[in-house]
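So, here come the structures, one by one.
Here chain A shows up in two complexes: once beside chain B, once beside chain C.
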Partner chain A sequence: MAATATTTGPASPEVAAPAPAPRDSRKRRRESLTAYVFLLPGFALFCLIVAYPLARSFQISLYDWAVVPTQASRFIGLENYARGLADEQFWLSMANAGVYLLVTVPGQLVIGLALAVLLDAKMPARGLFRVLFYVPVITSWVVVALVFKYLFNTDAGVVNWLLVDVLHVADANIAWLQSRWPGLMAVSILGVWKGVGWAMVIFLAALTGVRDDLKEAAALDGAGAWDRFVHVSLPAIRKTLLFVTVLLVIGGFNVFISVLLMTGGGPAGSTEVPLTYMYRQAFDFLDFGYAAALSFLLAIVIMLVSYSQFRLFGGDEKEVD
Partner chain B sequence: MTMRRSSALAAALGLPLLLAACGTGGSGAQSSTEELPAGQKVEGEITFWHAYSEGGPEVTTLEEEVIPAFEKAHPGTEVKPVTVQYDQLHQKLVTAAAGESLPDVVRSDIIWVPELADLGVLVPLDQAMPDFEKLAEQTYDGPLATNKWQDSYYGLPLTTNTKVMLYNEQALDEAGVGVPETFDDLRASAPKVAETGNYLLAEADAAGWQVLPYIWSNGGDITDEDITTSDGYLNGPKSVEAVELLVDLYEQQALPKLILGGGGGTNTFEGLANGMYATIVDGPWAFPIIEGQFKDFEMKTAPMPHGDGESTSVVGGENLVITQASENKQLAAEFTRYMLSEEAQLAMAEAGQISVLESLSDKMVEIEPSYEEYMNQLQTARPRPPTPAWTKIDEIIRKQVQLAVRGDMTAQEAMDEAVAQIDPLLERG
Partner chain C sequence: MSVGNPRHQRHVSLRILLAGLAALIMILPFVIMLSTSFKPQTFVLEMPPELIPSEPTTRNYREAWSGNSFAKYFANSLYVALSTTFVVLLLSSMMAYAFARFDFLGKRIVFVVLLAGLMIPGIITIVPAFVLAKNLNLLDSLNGLTVFYSGGMVAFMTFLLRGFFEKIPLALDEAMTIDGAGPVRRFFHLYLPLSRPALATAAIFTFLGAWDEFVWALTVINDPEKRTLPVAIAALQGQRATEWGLVFAASAIAVIPVIVVYVFAQRQFIAGVTAGAVKD
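Let's look at the complex of A and B:
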């Protein structure tokens, strides 16, 4: 261990005796080699499942791609990108993702945080409740999307039964999954229900880390529960809030299974989101080049949005600690 | 540091890019065609993908009767059937084609054959099988034609079907209307059935499979004969009038929102059985499914209603294709021959699949009286245009008809827009 300390000395070649110097650098080389060997599996994995597919799909996006390996693909440069930028249906799908974000991100943040605060307090069976709220997160998207499809069924769904027959808020059955806004709403409700437990767990972890003495000090100064939450807990978990928001936004852009299974992007493509649209281009129309280009356009939008979130809300990290 | 990191990243990204680029030269479509004569000694195993329905007796007949009989006749062989849901089969085939992992034999929907042939993944059977003509002669011309792409036949017909009108007599009686025979009947009956709280007619989607029979039965068409343009056909007055019929029925609350797709409404079989939908238009597979689920309901059949044209329905069905990826094409060919034999065709007919063999046409009605209407309708039924662009065209038709039905645009505007989108695809095709 002492040897490692000497390696950090910048002047060692001049000061040290001639003999140990080569052994030292050999040792250092060996050590860094060891480090690289340890890095290798992770790096190889990264190349295999991230870098290679990324580069490959970028390459595909520049071609009129032939699906079957035995057929030749035609290089068309940025044509797929130009087509994407001019594709109204693609931008409609982005707008739909925007609507989904507007509902699901605040929904998950507020409800998740509220649940976390409640379940952070000492209450009976809070372990049970924590588990219950987390269960939707670990259930399969396919299963819950199909369940929600039945709930929102026009003629026989529980939701319409509640609204029309029990609460009498609507006169006739709402065609939830057969029109744009109700369809997006149904999908968003599923998104919030399924994601709220995840936000809750992260917030719970952050709230546990808020120092009790700060809260006690505030209480001594006469701050009520609400003031302690707003002025002590909330600033303390600010970074977590940012983290959760950014991830929820990215996740929102990637909404897929629920839309595919509940509305199929219909009617007339009005509830299409970027991923369902891409999927259709690739797997229904075999237009893999175009689908790949759309995925990069989406990635650019997500990067811009995430970057501006960090710039807007993450600027002065050092003030809070 | 950033410099070094970014150049490492560039190296990491660039290397696979170069490697990948090397792989895209493309060796061109395989043109070597192995000879697959009949009567060869076959052994080994093949995989067979199909979308026979598990709801009725189709899968059990295939797995417990047809395949064992084949294996018994050819000792030392094994046919491994894989049931794929119809909705997923197309995507699975495409993915498998891209990954070069297609099975040996596929029971493909007739509309996918041109697309798969165009991808170069199918064996041209007319070149590979010396007895192709003999096999092809036994089948109906319409289903056989769906195997042709450019100058070759890439498959053999396996089963054929079409759609006829299925109705719930009680629901029609309740509204005091007869079985609709013409578009005028449909228009006249619509308000009366709507008054009873039921729908006159339900369509589960607005794609070609649903919409084309209305267009044809009104004397309209989708494209010209050579499938080079849809201008003047799909947006011609007769076609537009047919779409307007659907729009009007929808506005009169005689056609449920089900046509907008996406799910959410009562499905057509259930709705027909409980009287909510007085009529639907569907294929022969409806019988075993409805008999299984709604035992008290007696379904009746009628020809597809017509407008200015002759009652014309759409040809559906499946073909058997052998893939280039197959490593046991001899066995695949032998299995294909067996599936076309009278023995196998009769067994599947019992399970709800109409045979493609002309020699069995009389037997069909004996096996299942409900086939009679279908056999009659098949005389005039037409196939969807055989073009590799069909899946795309189908999606365009679905979207534009839905837009018209929702009232976002007139039927004429919707069809003009469809033509504007379809014609470039036909030019490329």
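Let's look at the complex of A and C:
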């Protein structure tokens, strides 16, 4: 690639930047200035909308924040954090997110990988299937959450009709969205259904990159399809697996709209997840300081979990891209 | 090729059968949504469910479009999504150009700051962002939505475009420079035209992100006149809990344009989704 020599960006630090041809410093300074002009509008907007609120979020979390501008906010140090750590409802919401993760992450990994393997071969209508599997991914969370709310309706929902009247696996209609475990299950099923196409597309791209000669060599050595998959394809896409898993876990912790619209966190807060709880603290109870602290606690948990996934499964690779 | 081989044939049939079954599960909820949107209210919760309505009606669509102002919400969403796409494409391609082709002091720091911003889900900062929007008088404003959506998406699109800009041969850049073209001219006449596929990908993702966004709009938009489609759909369901036909007609109005665009531009979609995820 002709362009590689010019990519002195920090993203590829292992590619030593070739020493730039000696230029007079005035020309260099002019080049810097041009770069800043191109950079400034976007970076300024980014700082205003993303970076500044992040710093401000930490500040707000240290206050008993007064929403009314005429009232003074009271500095209370880490009290909001202590309150969060002792808040049983917050821990329940974390546990619910844990349940959601336990269902949706393996669900999307396994089904996504299975669909990718299915499509990783010459077959008619391959492109059509890829399009169809991906449609839920591009559809708004609001719409699919409402569709699933309708499907999981207790008395007249399609899911209960299938279970009770068609398959006869349940004796009576299940009150899916009116109790904790069925509610979490319905939300998790939606999560798997919506996300599986995304995992499939990424796995399919990775599998396409697995060298055919390796698979053929394994086949010549007498390896069956399953052995070839486990010993050739899976190791070859290991980095992609890790990347997808980390992103699915982060996405799982961020589950929000589906819970908000399907169960509303109820009944009695039993299906609350961290973000619905944080959102309620902020915009129902106007407790901005506490909500900011809760979102920081969640961010810390997400970072720790992501970091330990890289440490546990990343092996010798330092980064995934 | 062993196309005639019966074992191979059976293998392909099995694959198609399995894929077809999976596709059915992925699509069925949408079919039910569409079918319900054409049902009169009395049939919406009838058991057993009918996939093809016995008395189909377009009343729900008419009522949603005019009676419940979805024409207005559609226009609001379109305005916000288009303006966000324009702002993000302009700003992020400028930044991508600076990163791809210039050396400057602080390049590494700016890069790391942008990268850190990418990792943090936007909702983490929703409280201070709300305070900021209030102070800037951007609550209840469609342009306010554009400003916040753009700020939230500009970092990601910069990374997407930077990778593409770096692949444009430096020789072209140098040839233009020798011809006396300055950096601005090179940006508009070399980098932007050659990056059309990447710009298309970025445009689709930005548009879709703004079109589908719900939580921020729910938080800052109070005035019913300023609602975007996702907020309006959720509000409709909240107020008229059992009018599923109406809710799904409104949903179809929001979803069908997206699916149509997706089907025509799926190559750009896939390119954007897998960019950076798979090491080649």
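Heads up, the rule we're going with is that the second predicted complex is superposed on the first by the 265 of 321 C-alpha atoms of A that agree within 3 Å, B and C clash if a C-alpha of one lies under 4 Å from a C-alpha of the other, contacts with A are read in each partner's own complex, and residues count from 1 in each chain.
Keep this in mind: contacts are C-beta pairs under 8 Å (C-beta built on N, C-alpha and C of every residue); 3 or more make two chains touch, one makes a residue touch a chain.
From a predicted model like this one, the values you see are computed outputs, not experimental measurements.
Contacts of A:Leu119 after superposition on the shared chain: chain C is touched, whereas chain B is not. Contacts of A:Ala51 after superposition on the shared chain: both chain B and chain C are touched. In the superposed model, A:Val99 makes contact with neither chain B nor chain C. When the two complexes are overlaid on their common chain A, residue A:Ala66 makes contact with chain B while staying clear of chain C.
Comparing chain B with chain C, more residues of chain A are touched by C. Contacts of A:Ala268 after superposition: chain B is touched, whereas chain C is not reached. In the superposition on chain A, contact of A:Val201 is made with chain C only, not with chain B.
Contact with both chain B and chain C is seen for A:Phe283 once the two complexes are overlaid on the shared chain. When the shared chain is aligned, no partner comes close enough to touch A:Leu297: not chain B, not chain C. When the shared chain is aligned, chain C comes close enough to touch A:Leu151, but chain B does not. The intersection of chain A residues touching chain B with those touching chain C, taken from the two complexes, comprises 51-52, 54, 56, 59, 149, 153, 155-156, 283, 288.
Note for the complex: chain B touches chain A at residues 12-14, 16-17, 20-21, 23-30, 90-91, 94-95, 97-98, 100, 115, 119-121, 257-258, 260-266, 276, 391-392, 395, 398-400, 402-403, 406, 408.
Against chain C, in their complex, chain A makes its touches with residues 1-11, 20, 28, 31-32, 34-36, 38-39, 41-43, 45-46, 48-54, 56-57, 59-60, 115, 118-119, 121, 123-125, 129-136, 138-144, 146-151, 153, 155-156, 158, 161, 165, 193, 196-198, 201-202, 205-206, 209, 239-240, 243-244, 250, 254, 256-257, 261, 275, 279, 282-283, 288, 291-292, 295-296, 298-299, 302, 321. Chain contact summary for the complex, chain A toward chain B: residues 47, 51-52, 54-56, 58-59, 63, 66-73, 149, 152-157, 175-179, 183, 262-264, 266-269, 271, 280, 283-286, 288. Across the complex, chain A is touched by residues 12, 15-16, 18-20, 22-23, 25-27, 29-30, 32-33, 36, 45-49, 91-92, 94-95, 97-105, 107-108, 110-114, 117, 120-132, 147-148, 150-152, 154-155, 158, 162, 166-171, 183, 187, 208, 211-212, 214-215, 219, 229-230, 233-234, 237, 244, 247-248, 251, 254-255, 258-259, 262-263, 266, 269-270, 273-274, 276-280 of chain C.
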